[in-house]
Amino acid sequence: MMEKVLQVKNLKVAYGPIKALKGIDLEVRQGETVAIIGANGAGKSTLLKTISGLLKPAEGTIEFRGQPLTSMAPHHIVSKGLIHVPEGRAVLGRMTVEDNLLMGAYCRKDEKEIQEDLEKVLALFPILKERFKFQAGNLSGGQQQMLAIGRGMMARPQIMMLDEPSLGLAPIVIKEIFEIIKNLRDKGITVLLVEQNAKQALKVADRGYVLETGRVVLSDSGANLLRSEEVTRAYLGERKDDTRRALTA
Amino acid sequence: MTESVFIFAGINIILAISLYITLSTGQISLGHGAFMAIGAYMASVMTVKWGFNLPLAIVAAAIMAGIVGVAVGFPALRVKGIYLAIGTLGLGEVVQVFFHNFKYTGGASGISGMSGTTLYLVWFMVALTILFAWQLTHSRIGWAFKAVHEDEVAAQSMGLNITYLKVTAFGVSAAIAGIAGALYSHYIFFIDPHAFGYHTSLLILFYVIFGGAQTFWGAALGALVLTLLPELIRGMQEWRLTFYGILIMAMMVLRPQGLISHDTINWIKDFFSKKSLPKTKATEEAG
Amino acid sequence: MVLVVSEVHKSFGGLNVIHELSFQVPEGFIFSLIGPNGAGKTTLFNMITGIYPVDRGHISFQGTTLNGLKPYEITRLGIARTFQNIRLFPHMTVLENVRIGQSTKVNTGLRSLIPAYERSLEKELAQEAQEALALLGLEEKKDQYAGQLSYGDQRRVEIARALATGAKLLLLDEPAAGLNPDESKGLNEIILKIRKAGHTILLIEHDMSVVMEISDHVLVINFGEKIAEGDPATVQANPLVLEAYLGKDEE
Amino acid sequence: MLLLQQLINGLMQGSIYALVAIGYSLVFGVLNLLNMAHGEVFMIAGFVGLLLILALDLPIYLAIPAAMAAAALLGVIIELLCFRPIKKEFHLAPVVSTIAFGTVLVSLTVNFIGSEPQVFPAHVNIGDFSVGGILISGTELLMFAIAITLMVLLTFMLEKTKTGRAMRAMAENEKAAQILGVNVKRIIITTFAISAALAGIAGILVGLRFGVISPFVGATIGLKALAVMVIGGLGNIYGAMVAGLLLGMLEAATVVIPGLSPYVDAVIWGFLVFVLLFKPNGLLGTRVQAERV
Amino acid sequence: LTGCGDGASTSSSGDTIQIGALVDKSGKGADWGRKNEIAMNIAVEEINASGGINGSPIELLVRDTNGRNEEAVNLTRSLAGQGVAAIVGPFFSGECEVAFPQANQLQVPIISPSSAKAGISENNRPWAFRNSMTDDKLLREATPRFVKAFDVKTVVVLHDERDAWSKAVGTDDLPREFKAAGVEILNEGNYFSFNTGETNFSAIVTQVRNLNPDAIAFGGLYNEAAAFAREMERQGLKIPVLGGVGMYAGALIQQGGTAVENFVATSSWNVDSEDEQARSFVEKFKPQAAQITPADPLPGSFEANHYETIYMIAHVLEQAGVDHTTPTEEVRLALRDGFANLKDFKGITGLTSIDEKGDGIKTIYPLVVREGRFEILE
């Protein structure tokens, strides 16, 4: 077994009176791709935000290679090699595509390799090259999503946390994105993936967690989860009736 | 504490509610001193020069200031945020210079001889203003103001005419400031353009933010507290400004949303309806 | 025809985004607009709703020309939309968001200050808002601030709000983004219900499980130009579409 | 001759505005925070400089950096008291808080030093020189030079350096900047210090040039600098420079053009309103892009 | 610390006669206000030491207006409510314009020792008075002397358009008197205006120099006058300047240094007066004022007037036979009538009478700066 890089224990997070996470336990090993799936409002984004330091937990611990992250400032966490590609993209709209990508490499000092990485990202998403000097805010939704992912890659992270990376992308690009995720894995980068596209996500993932209203209700290998009755029913939409239940969950 | 303190408090409450209204559409005005000036001068000319009675003069002041407010509202549409704040501040300064050089109202020497504002009249107008503000926030136009404040593009796409709404907010707000001006001038007997500079405008903003810009109750309470406060700390003599400043800074740290926020109102409502339904709190938007 | 778009053109500083594009949306259709990222779909929505001016060409809704109209005028004519990058009123509750959508049906001006004015409508509107919320499964969240909802829920509020305008034509920009496959299925049913209630729907969506299942007609654009059109099955088999949009190797 | 001298007078006055406005622009335009006590920092720096000159007999070349350091410290204090503890969503609270802090600074100065302008000893003046009959103040020229240098340096810093990029990123979206690894707190406080130091250098130089410093100059200069910043376009350092000089010359022009001098404020603020009517984002402000929806 | 005045009875409390005073101790006039207070306290101590008013000591209730109109109104009303016999102040003409009508309405005598804009007491008969000379009167006397002394044929006029007092002096009094003396105004129809608080006069001085006048008529306070003087010196313009009462202050010389040579200010007080009481006042005043403005500890005309006003009140009340048992209304009436009929009151500024407008008629001292000292301009 590989070393545990990320260990979350009994994590509880609340927004005022709303309890979004009610005691999450989760671990990620070196080089693994871990998928997190769950209905809307289950707390997936909250989990990622807490790991990246944007939210402070009410209880519980997060450890990165044995070091506690819980009281660390977000920028400090980034410098440790965890990068968060957030939901809603958070591109810097008034800045150019170039600036956005370079901001991704903010914590790096290896100028030459940054340039190389920039070339790689631009090769991956040719549209970003075309719009290199454009204001990022004027990109189309999908283009912004590509920019957000590309920006995350510019950090050369040890752990990459992707919050719904396929959101708003054309099918052909989604395929690419999952290729990229596979590539990351091949390069030994650990990936924590939140996806609505559960089927695809579980396919590329080594392991998966299923979240429901702030709790982990299932965790297993990706392949097992794909086969699991519960997952199929609730998240893959294979059963035709009773869709409303999942919707209001 | 003398009657005059409560008269100024009342006038300041009216001003604060007036500013709250423009603010509720997301438009920051630092030119409200000018609307007050227009009301004050209009009313003074009506009573002193043309011999009308005060109630009529107040109405005329509201109309005149309202018209100017609408006129300002249109160009203000193009300008946003701090540009609007400083732009209106500039406009206020221009109005001030206008009155300085407007011979008919005495220029820099001012105009005098107004009287008739009483405590009852002021607080009657306060009551009317609060009633108006209450009705406003509970009507669809009040919701519409808020929607415009939140997101103009979405508001338009929901069928709201933001031009109408923003200009109306300016007009109504200016008219109310005009009323305050009329009351002020007829209490203080004498006005010159000095009384309505950017200091006055800033002070009104102070009231609103200190009291809470989310509800008109906040604005009103802010005006009341900040008018009475200097009287309460008068004993500190020349140190009271220092104290006043520090107090406000401390308040902004402890309650940046102001004395009264939505939550306060909800809390009060819950308290009186005895239902202990925990309302969701407006927390910081994560992400 | 509910909506007629003829030879519309749009460019941003030399970048041609929409190229002499024409199409027509028949009444009662679920009309899908698909195409690669940056093809110009959202831009088209922005032109139909008056947020961007049309450079050239002509758009009309039920015979009324939309060119030059303000967004709120267009909404009042009966076109409502959702936004790809969610634009709710974050500090208003879900219910209030939906109620704002009803601004098309009542006076939201100074007249609304008159205490008894249009009060009789109030009950009816409240009822309608309730229904819109129910349809999208948001009843329980109606008193939460919109900004506090999860992404997927916010998308639903967007739809409810657009629905509340009572618009004849609904423009939905990626309504399924952020929904899991099961939830997308639910969305399909919702959209079908909305259509059944008499609305016409113009849909932008990258989720093929939505597009292919419920569309009556699909229009594919790339670089602002039409590359294919037809019923879902035809379009899905079109090699141009496969190459530019869907990707070839279907597992 | 007369006009040339007036042009110089205007430019020199303008460079004061520019210097203060550049500092403003740094904090507002870049960080999106409005520090209404900026003018008072200017004032305090003037007093600190004066006290050092009087009490320690410090030469100017030492008094200037000392005043800048004091101003920078004050800038840091302002950030710590009026900005850091207040959540960003309440964007008007710091406006009120900094106005209040300005009041405190003025009232402390009045209580400890007095309301009268305090006089700089005559011997510390940098002196004037005359070029072909045109009188130019050495202090003002220094100010002008500093303003130009800063303008170039700061613009370069913002546009081309990593820190500058991080500052712009923060201005737009603090959370996004954080998760990209930007130490937001440190950058904010540094920016405040730099901005205040600029007000500080202006404060002491203006004191030297005009021989006095008054507790009430803050409001006047602060307001004018605010106008300059807005006319130039928020966050645009070149804009602040251009608008500062423009305003200085406009002021001089009201003296030159017969009958206009009583209207000087109307001219300046009218100009601001006029600019905003036609360029709602200031002269050099970024063009409003059709908002991407 | 005194309370804020509520709950006080409407008659003089205890065994003193209360006199209210409105000064600006924290605003733009803070240094003035603090020194005004010192001057009044000296008078009160002296009077009380010599047995008070018909045996009743004076109690001075000093209130800080911050130089703001609204505060002046509030404080006038609260002092009146507290039952003071009279109110001394407020300091600025702007404050007087709003405070006088209030006092008039409440029927409490109010006497400003400093306001100098013409017409303010006249508008508020019969309860408002000023123990100060308005500038129209001062300049009527001073201008011809100035013109003669410096052989002035042409002048340039400057003022602050936005300050009521400055504007009155700069656009009415000075031009009128210069014209009457046959002097040509070179910038007629284009009076230069500056903002009070301004220190940069470079553009105006350049313009003035270009007009090449014999002298300058300056309608502004001494701070601006000093700043103006420094710029004149810098640009090499050496001509005499005439200003109103606001230009007279020790600080003019302190701030202006050699640049204010030949500046002429009008005043109704002469610090170098040989009068015994005046000299004793100056001696007592100096050490206390040195704590506030160390560089300029001598009393100016406003301080002298403040001191004197307390004596005037005491004098009138003594004449009327008032003591602390007299009902407040009677005390106030006595003061009103006493002031209205005051003739040739002998105080430290010389002989003072109150005219029918309620303003003081006082001795006039046009003072010229010569070698760093004020001298009487002959």
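So that you can tell them apart, the chains are marked A, B, C, D and E in the order they are listed, and the count of residues begins at 1 in each.
Definition applied: a residue touches a chain if its C-beta (ideal position, glycine included) is under 8 Å from a C-beta of that chain, and two chains touch if they have at least 3 such contacts.
Just so we're clear, the structure is a prediction, and the values are computed from it rather than from any experiment.
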For this session: Minus chain E, work out the clusters of chains still connected through touching contacts.
Result: one piece
Seminar exercise, completed: Outermost chain relative to chain A, judged by CA means, is E
For this session: Report the inter-chain centroid distance for chain A and chain B in whole angstrom, where each centroid is the mean of the CA atoms.
Result: 47
Seminar exercise, completed: Whole-angstrom distance, CA centroid of chain A to CA centroid of chain E, is 75
Exercise. When the centre of a chain is set as the mean of its C-alpha atoms, what distance in Å lies between chain D and chain E?
Worked result: 36
Problem set entry | In chain E, residues with contacts to at least two other chains | 26, 30, 161-162
For this session: Hunt down the residues of chain B that sit against at least two other chains at once, touch-wise.
Result: 96-97, 100-101, 153, 238, 241, 280, 282-283, 285, 287
For this session: Could you tell me which residues belong to chain A and also touch two or more other chains?
Result: 15, 18, 45, 54, 86-88, 90, 138-139
Seminar exercise, completed: So, in the complex, the side of chain D touching chain A is made of residues 162, 165-166, 168-169, 172-173, 175-185, 286, 289, 292
For this session: Using the touch rule from the top, collect the residues of chain D that touch chain E in their complex.
Result: 2, 5-6, 9-10, 12-13, 16, 107, 110-111, 114-117, 119, 122, 128, 135, 137, 206, 210-212, 214, 216-217, 220, 251-252, 255-256, 258-259, 261-262, 264-265
Exercise. Quick one: in the complex, what on chain E touches chain D?
Worked result: 26-32, 161-162, 187, 189-195, 197-200, 202-204, 206-207, 210, 223, 226-227, 230, 234-235, 251, 254-255, 257, 292-293, 295-296
Exercise. Quick one: in the complex, what on chain D touches chain B?
Worked result: 28, 34, 81-82, 85-87, 89-90, 92-97, 99-104, 106-108, 110-111, 175, 223, 226-227, 230, 234, 262-263, 265-266, 268-270, 272-273, 276-277, 280-282, 291, 293
Exercise. Taking the complex as given, what residues does chain B use to touch chain C?
Worked result: 132, 135-136, 139-141, 143-144, 146-147, 150-151, 153-165, 168, 172, 279-280, 282-283, 285
